[in-house]
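Let me give you the structure first, and then I'll get to my questions.
Read from first to last, the chains carry the letters A, B, C and D; within each, the first residue is number 1.
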Amino acid sequence: MTMKAAFLEVYRGFMSLLTGMRITLGQCFKPIITVQYPRQTLKMAPRFRGHIELVLDPETGKSLCTACKLCERACPSDCIAVDGAKLDGQKTKSVTEYKLNFTTCSLCGSCIEACPFDAIQFSKDYNKVSFSRDTFSHMDLVKRLEERRKIWAQQRPAAPPAEMPMPGPAPASTPQTQEQKPS
Amino acid sequence: MNATLELVAERLSQLIGQTAVPSRPPMPVSANLAASTASFVSGPVQAVDHALKGYDLDVSVPPGLVVLAARILDNAGFGIDAVTGVDWMAQGEMEIVYDYFHPSSSSRVAVRTRVSRADPELPTISAVFPGANWHERETHDFFGIRFLGHPNLAPFLLPEDADFHPLRKDYKP
Amino acid sequence: MLNLGPQHPAAHGVLRVLMTMDGEWITKAEPVIGYIHRMHEKMGENRTWAQFLPNTSRIDYLSAMHYTHAFVGAVERAAKIEVPARAEYVRVITSELNRISSHLVWWGAMLLDLGGFTPILYAFEDREKILDLLEGLCGARLTYCYYRFGGLCNDVDDEFLNGTRTFVKEMRPRLGMYRNLVTDNIILRKRLTGVGPISAELCRKYGATGPVIRGSGVPYDVRTVEPYSVYPKFDFKIPIYQEGDSMARYLVRMDEMEQSLRIIEQALDNLPAGPFMGKVPRVLKLPPGDTCYAVEAARGRFMVRIVSDGKDTPYRLKLRTPSFCNLSLYEEASRGMILPDALAMLGSLDLVIPDIDR
Amino acid sequence: MSAIQEILLGPGWPWVRLLLYLVGICAFVGANAAYLVLAERKGAGRIQRRPGPNESGYAGWLQPVADGIKLLAKQVMVPPGTDGFLYRLAPLMVMAPPLICLTVIPYGENLVARNINVGLLMVFSLGSINVMALMLGGWASRNKFAVISSARIVSQNVAYEIPMLLVVITLLMVTGTMNLNEIVQHQAGWFWHWNFFKVWVNPLMPVTFVIFFICMLAETNRAPFDMAEAESELVAGAFTEYGGMGFGVFFMAEYANIVVGCSLATILFFGGWQSPVVILSGPIWGPLWFLAKMYALVLTVIWIRWTFPRTQFYNLLNLSWKILIPVSLVTLLLTGAMMKLPLLLHHLF
């Protein structure tokens, strides 16, 4: 290639290096976009799919689940084990034991769609942590419902049942640190 | 039915017409093999509606002619897409479907062939389409179909010492 | 004999390449796969049609929407389920968003292989916006299980539509910045031009599709050659480059991102109202026979071939993945190259190992 | 003058002076290597719009200490089958040249350990020793990746030695002396007295600086030329097999080499410890100006590293043989012609 073209190519190449450096310099002075996780946490989207949990009925404080086992059948990786019993004084069965094997659950939501009574929903907590495996392989959703019922019960006597604010489904286990939505 | 498809359909039907079709019960031997392209409804070479089935030409070929069919499609400019094995345990047969796509014209050909389930053997087409080498090795892994003349039929996706074939219907883990 | 082992920084995931070298030149590079083989096809055979949905987004997690689209399309085509127009438009929008996020991951990872450490952070900044949009829509960031037979699992809300519009507006100048920072950079140009030439003939023989075949001059894109869903309604250009080297494949993917932005804009402009879910029988039983449905995933042509015998579980489920065929030509294409070139070419093939092993 | 100043600056007791300087230089190199690592990670963070290490200490300033302790604590394991002696020798050979070079570099008025009048020659002769050291390290650790990378180091450094020396010859013609101290003294006064702006002597002086800078990058295996320890191909290149302090010494040597390269660039082109404005010069200001200029160049080295991808190996050699050497020859010719121009004119008229 001709001498002129060679020099031109070297010159243009060198200029492309400079533009590259100009861009990184420009980026250098822009604000930081990363969220410093342990100190700041992100707010999860309303439709975020955490592990499934039983819905707390605002009026009665009990679960809506009637142990019909439809979700158990719909689950592709059969990680749900439901057990129900007919308590006296009620026409339908109510759930006594709801075991979820979160280690094999693929969060697809087939169980929630299959449930005719909308008794289960996705929870919003993402940083569940524990020292032993079986807290996840035998997640007991009924026990978790009890915990939330206690919180719900405390708020209930304070305010009359009618306009009682529904406690946020996310149990208070995650550290309540300052929330910061990245710019 | 665009041009390349008709050309290929024509050649394939001649190919099947010439060779003596070995006694294979399920293969419908249609009488008018040299029929015009429009009448490709029954018989080994069938035109299929793409919107309905996802491919345009469905060709049933005896196992021996698989390489020749591949050569015809190669000359017509087709590319190898996939090699699928299906284990029809009820009929005691294994079906192998070769999928071909054409880079420029919207035509897809599925070449089917059936092999007995007892000793599934089939000539390899990796000489014509080197791409099929991997596909055939995978099908051998899953179904145990031996491809004669294949350069290297060692287990591919399964561990080196695997002697089981998972996708056979009678496979018990 | 150099063993580019499964735990090598340049092998995206667990790909092992046995390279026999003399000095720095490669005489024979034989990829060894199967390290992350999960046998999706056998899983398909003992699950009902609806239960296989979560699996589809785990075959190639970077373009999960395309894979679910193919499986859902195949079942709809076999069972002749009618999909409302709104659902098809939303499927196109989410698929194109997913294509951009997959190309961004490829762009960052490839430059990481070539030694440029900064671009991957910029790419992930933009990709974060897409993931937030899709997380707001269907709750998952990577393995969306968003499509259902006959439509979607929940409708599109305004927050998603406005978010996508602002994303498209912001993304265009960003693509311009990427071009100045990397594409026009002389070091990258010299690093990629003429490296790993793949001829159109080689692509055809090995069945390589997607940006690999479009980089060699063949305008093969499933969205135009075999149009599916509502793609014929949009006008977009298929970027083609004749050289067939790594630079051509690089440029094809960069242009594809712009085209996807155009498609998203057109789809957003005339998104029809109406239902987002068609009528689907409770227990789905497909008529016997086989059907296949092909989709243009980020890496190439992904085809699902389902063979059903009338029962509610598939009789045979064949997943034709693009990376499997794209990698099969690596052995022949990389003969005689030197090590850094071979890795640059591996990066330009944009491989996802679970996509190869299934 | 107090005793200390008298020893440090005055002509007497050369050996005690050398010893004191060596202690200072070792401390300087040690602290430098530690905090340049932090500067690099912080700079990379800023460019990639993330904060960089900020966990240990207020804004991460304890991070180098943490790294140092980690490296020291790690057990130095000599893998079997390696050539024991060479394996241990390589880190020492890599660390020695930069230390010796730093004794010759003037930091202030006559704040220099040894004022030799062939300082420049000594620095360049020592420069090529670390090539051998890295190669020995790579070869001795008997690892396929390391052998490939040591082959690359040799060819890369040889290719970039020549343009660097040609550029230095042009500068010698301009400055007329090899004594680093005198070079700096010639550049007294305002900043346009620096060699970098002496365009009437060598019209291509900025180009010469660019060539010198590129060659310096290639010598220290940095930025776009880090083919030796290319992470994505050769894992960690020549020092794959070194753990603990072995790796630490290689790392420190790399940063020491950058410091030597940058300080050479400041002395030859930007007037060592001369201040850009005349009034601000003096025994205290001198070292400050020198360090300011030197660290400006070191930050550009870091900035370049995080902007560009790695060059291709044969492009690297083409760049040197086909572009850098011809251009440096042209500058050499031009400087010679320009130097002799007044004499020529004098003869003619």
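Assume a contact is a pair of C-beta atoms (placed from the backbone, for glycine too) under 8 Å apart; a residue touches a chain by one contact, two chains touch by 3 or more.
Quick caveat, the model's predicted, so the values are computed rather than measured.
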Report summary line: Nearest to the mean of all protein Cα atoms is the Cα centre of chain C
Query - Whole-Å separation of chain centres (CA-atom averages), chain A against chain C - result: 27
Query raised in the report: How many angstrom between the C-alpha centroids of chain D and chain B?
Result: 66
**Report entry** Computed distance of Cα centres, chain D from chain A, in Å
**Finding:** 52
Report summary line: Distance between the CA centroids of chain A and chain B (whole Å) is 47
Query - Contacts with two or more other chains, residues of chain D listed in rising order - result: 47-50, 306-308
Query raised in the report: Which residues does chain C have that touch at least 2 chains other than itself?
Result: 118, 122, 125, 181-182, 185, 187
Query raised in the report: Among the chains present, which pairs are found to touch?
Result: A-C, A-D, B-C, C-D
Requested in this report: In the complex, go through chain A and note every residue touching chain C.
Outcome: 12-14, 16-17, 19-20, 23-24, 27, 33, 45-49, 74-77, 106-110, 113, 122
Query raised in the report: In their complex, what parts of chain C are in touch with chain A?
Result: 47, 50-55, 58, 118, 122, 125, 132, 135-140, 143, 145, 153-154, 177, 180-182, 184-187, 189
**Report entry** Interface residues, chain D side, partner chain A - complex
**Finding:** 43, 46-51, 210, 303-304, 306-308, 323
Query - Contact footprint of chain C on chain B as seen in their complex - result: 50-55, 77-82, 84, 86-87, 97, 99, 101, 103-106, 108, 110, 129-131, 133-134, 142, 155-159, 166-167
Report task. Could you please specify the touching residues of chain A with respect to chain D in the complex? Result -> 10, 14, 17, 20-21, 23-25, 27-28, 30-34, 36
